[in-house]
């Protein structure tokens, strides 16, 4: 039986102990955005609050496969405390990186590396990011 | 160059000198019926007159390929002076013969033999016969 | 056995000594299992999605292109005559495969999906009245659901759904108005692609016939392991795809009962389906059936491969196939029932379809499928294009194992091992 | 040259030394010409109906079934990922073949006929208003005529016909209202399958664009000998079939310009084209393009063969093909013009299409085709699914000779000899 490349320790760790994942409503957050992928049944909500231009808190909730949940978890970690501009640029980099392009992304996101070889899972990775960007676009930051 | 099996002397003779083919209207005939095959552009009219139960005269006109014209010509020769019952039974035999079945038909029609191997031409053979049978059906003989 | 010793001309019958399927010998007839890094040791258990192709089918397709390819129905030269004959022979083969009355009822389409759309749009739409009911079942594939939903909404008719009982079977008794004059059509699957449940389509046709209700049967999942006889069934329409029965992709079957042929309008217009193209459609004369339903140049290569697959399936015997896949499915079901986190959704009574579906409390179906895939076990995760059913089951996806003629006990073991491994990974 | 010495892996480029087509070498790439009693010495001149298949295309199809066949777009295991990649690579190949902006515009259908029907029903029908005009040309194939006639009659719109001038070309000047706001759509062929006339579709698209009139181009006959670039053309829709360009039967292309994608409703509903199947179609979310236009299991084998045919055509070069078939057509035309009973209907200016059509005063086209067929010359007789054109020409059938890459001067000689023989038979 071959090793399941996709399921590296860090990815599984984020799936089993997701950071900034809540069970109830995201009611304390300023902006909440839903992302769903009906093909997979992945369905999550991302919420965040801004102080000026800075994402000072971010959470998510919902259900999804390990890739979806781990990616959302890593996203919250890599964006908390960052400026909206920076976060948007990272989201754009992620999109290109996951599509196979040779661009830089924060080390914290590298455990998703193996997903780049699995086209069917790319949407799972990007779901949380898309919701976040939509949320930021909506409030014009 | 191989011999064109289909184009036997007798068939060509009936095509080049069709029997009972007229140019104008079939106005002297009691019953006139049209048969056309839009796929080929074959378009003929068969007309006949009855005395009691007997086809005492029969003619056709129109245009078509050699198989269509020769078959119509042979048909008129093989049905003139015959009873409606006999003609109907021959038409039914022809239908089966041309479809490849092993049934008897009048010698006069045998030059159409080669057509049995050419499915695309079977409609050409039967066009005149179908018109004739329709005509007979219509006047209940 | 050494697959290299197999010659191409070996008949399939030989692989079916004594009726029982010998999966190793059958597998040797499928080149994919000996050619490819990815497939040599693969447990291919995604057969409800698409089946692999035996040498005889590939050979038939290749012959069609290598020996007698030319236009169908259109030429006067010997090659074209032969091509037309081969195409019509393929139709004859399908006719006998489904026990149809006449070959005018046997229509080649692009797929089961295409066939169903043609019936919904070409038959039902014109006759459907506001307020009438069209019945489908809770277990339909989207292909046998969306087209009916669409024509219902266009007509102001109601799409009604035959629900399932707790045994995963149709709960016909719950809906007293199915066989009533409010029903314009019933469309149902013979075998569910998710549950594996096989419906008693014959009984439904019989009841429907008494009320003159037309019935369409989606035999996409049933055709490999059930001998189909449309006359015995008494159905009005029956459809399946070739690619799920060892035949080429891109071709499907639509059977239209003789007395319905004139009630179906051609949906696709074009070459080969019109005798006389007039200035108005009303004066246009369609060609006779089946040609008026086959607009465009016929798919010769697909039809010839399709016919070869009929030979292949019959050489193994649908009853033997059913026994074989049913035994493996039962064995798998039994083993899976020991895992507490695992919920089987396939009814135990219906395992002869070879389909076993389940979900896992902890591991998302996609993760499970991925881990299994990396372990050389090809299975399907998702909603299987049956969202109305998944909604009813209350899950967003299931894992489906679907078994075919070339699957062995080793494949079943591989599933269980992969599952154990996944549970370890996600522990 | 001895065809037996040709190895399968030989590249096509090699058969195209110096740009000019060497038909004998090209012919050697087509197995049908060396395998069969009926074809070994056949002059196959029915290429406008369907073309023969080169080894590379058959090989690609065979590989698809032998090496990487599994479901497209649906699996999480490595084989399924590879299958999906191959299918999408085929789409990419078609995208570059037609110069499309994006692969979302490249849709696999069952045929050119299917593609046109999808545009007529999925795009035009919903927007067409009573009294509007839909323009086609006098030279359309039924596949690009009947679907428009149908939606016009359903909508109370008018099907208008661009007539031909005495040179067998479109008489655009006769119809002053084509490029006006009364026009809802223009659908025209790039090359006529009867006349061989090639229309200046680029100029028509340009004029139409100024009035925002959508244009569909039927490139079924043009694609082999013309490089297609949809962006340069500026067309809204473009269609062709694979089987006329050396590719498999049963698959075709539909190009939809990016800005039209959202204006086209899916016509065929089923699996793989819906993200969320709701209780009502209005709430149902279609998948993104191109998937929402490809309901049902994708035709993997067909798509892969189609892509291989693009390679093949480009390896020869459309410009080289045009030169080759044009030269043979000119030579034939010239020789035929000496027969007093023979009336050429193909315009001399348009012979680079490789199509030469005529009729004979004495010998019915079917008889001529039959005699030629028996003499080893495969040509087509009939109305060529172009009855509106034939009516205009005032004949019920013509004989058509259509030339391809593997035809030689010998084939042209064979036509002339067969014609002389036929004249003798019918003298």
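We call the chains A, B, C and D, going by the order they appear; numbering starts again at 1 in every chain.
The rule is short, and it goes like this: a contact is a pair of C-beta atoms (placed from the backbone, for glycine too) under 8 Å apart; a residue touches a chain by one contact, two chains touch by 3 or more.
Bear in mind that the values here come from a model prediction, so they are computed numbers and not experimental data.
Participant: What is the distance, in whole Å, between the centres of subunit B and subunit D, each centre taken as the mean of its C-alpha atoms?
Facilitator: Taking the average C-alpha coordinate of subunit B and of subunit D, the gap between them is 39 Å.
Participant: Measuring from the mean C-alpha position of subunit A to the mean C-alpha position of subunit D, what distance in angstrom results?
Facilitator: So the centre of subunit A lies 47 Å away from the centre of subunit D.
Participant: Determine the centre-to-centre distance between subunit A and subunit B, using the mean Cα coordinates as centres, and give it in whole Å.
Facilitator: 80
Participant: In subunit A, which residues are in touch with two or more of the other chains?
Facilitator: Each of 38-39, 118, 121 in subunit A touches at least two other chains.
Participant: Counting only residues that touch at least two other chains, what does the list for subunit C look like?
Facilitator: Each of 75-76, 80, 276, 366, 370, 374, 382, 387 in subunit C touches at least two other chains.
Participant: Quick check of your reading of the touch definition: is the inter-chain graph here a line, ring, star, complete or other?
Facilitator: Looks like something else, not a line, ring, star or complete graph.
Participant: Run through the chains and report each pair that touches.
Facilitator: Every touching chain pair, ordered by label, is A-C, A-D, B-C, B-D, C-D.
Participant: Hey, which residues of subunit A end up touching subunit D in the complex?
Facilitator: 38-39, 118-121
Participant: Residue numbers of subunit C touching subunit A in their complex, please.
Facilitator: 363-367, 370-371, 374-376, 382-383, 387, 390, 395-397, 417-418, 421, 425-426
Participant: What does subunit D use to touch subunit C in their complex?
Facilitator: My answer: residues 31-32, 35-36, 38-39, 42, 44, 46, 49-50, 52-53, 57-58, 61-62, 65-71, 74-80, 82, 110-114, 116-117, 141-143, 145-147, 149-150, 153, 241, 243, 248-252, 267-272, 274, 276-277, 280-282, 284, 295-302, 366, 369-370, 372-374, 377-382, 385, 387-388.
Participant: Of all residues in subunit A, which touch subunit C in the complex?
Facilitator: Those residues of subunit A that touch subunit C are 1-7, 12, 15-16, 38-43, 63-67, 118, 121, 124.
Participant: Would you tell me which residues of subunit D are touching subunit A in their complex?
Facilitator: 75-76, 80-81, 84-85, 275-276, 285, 287
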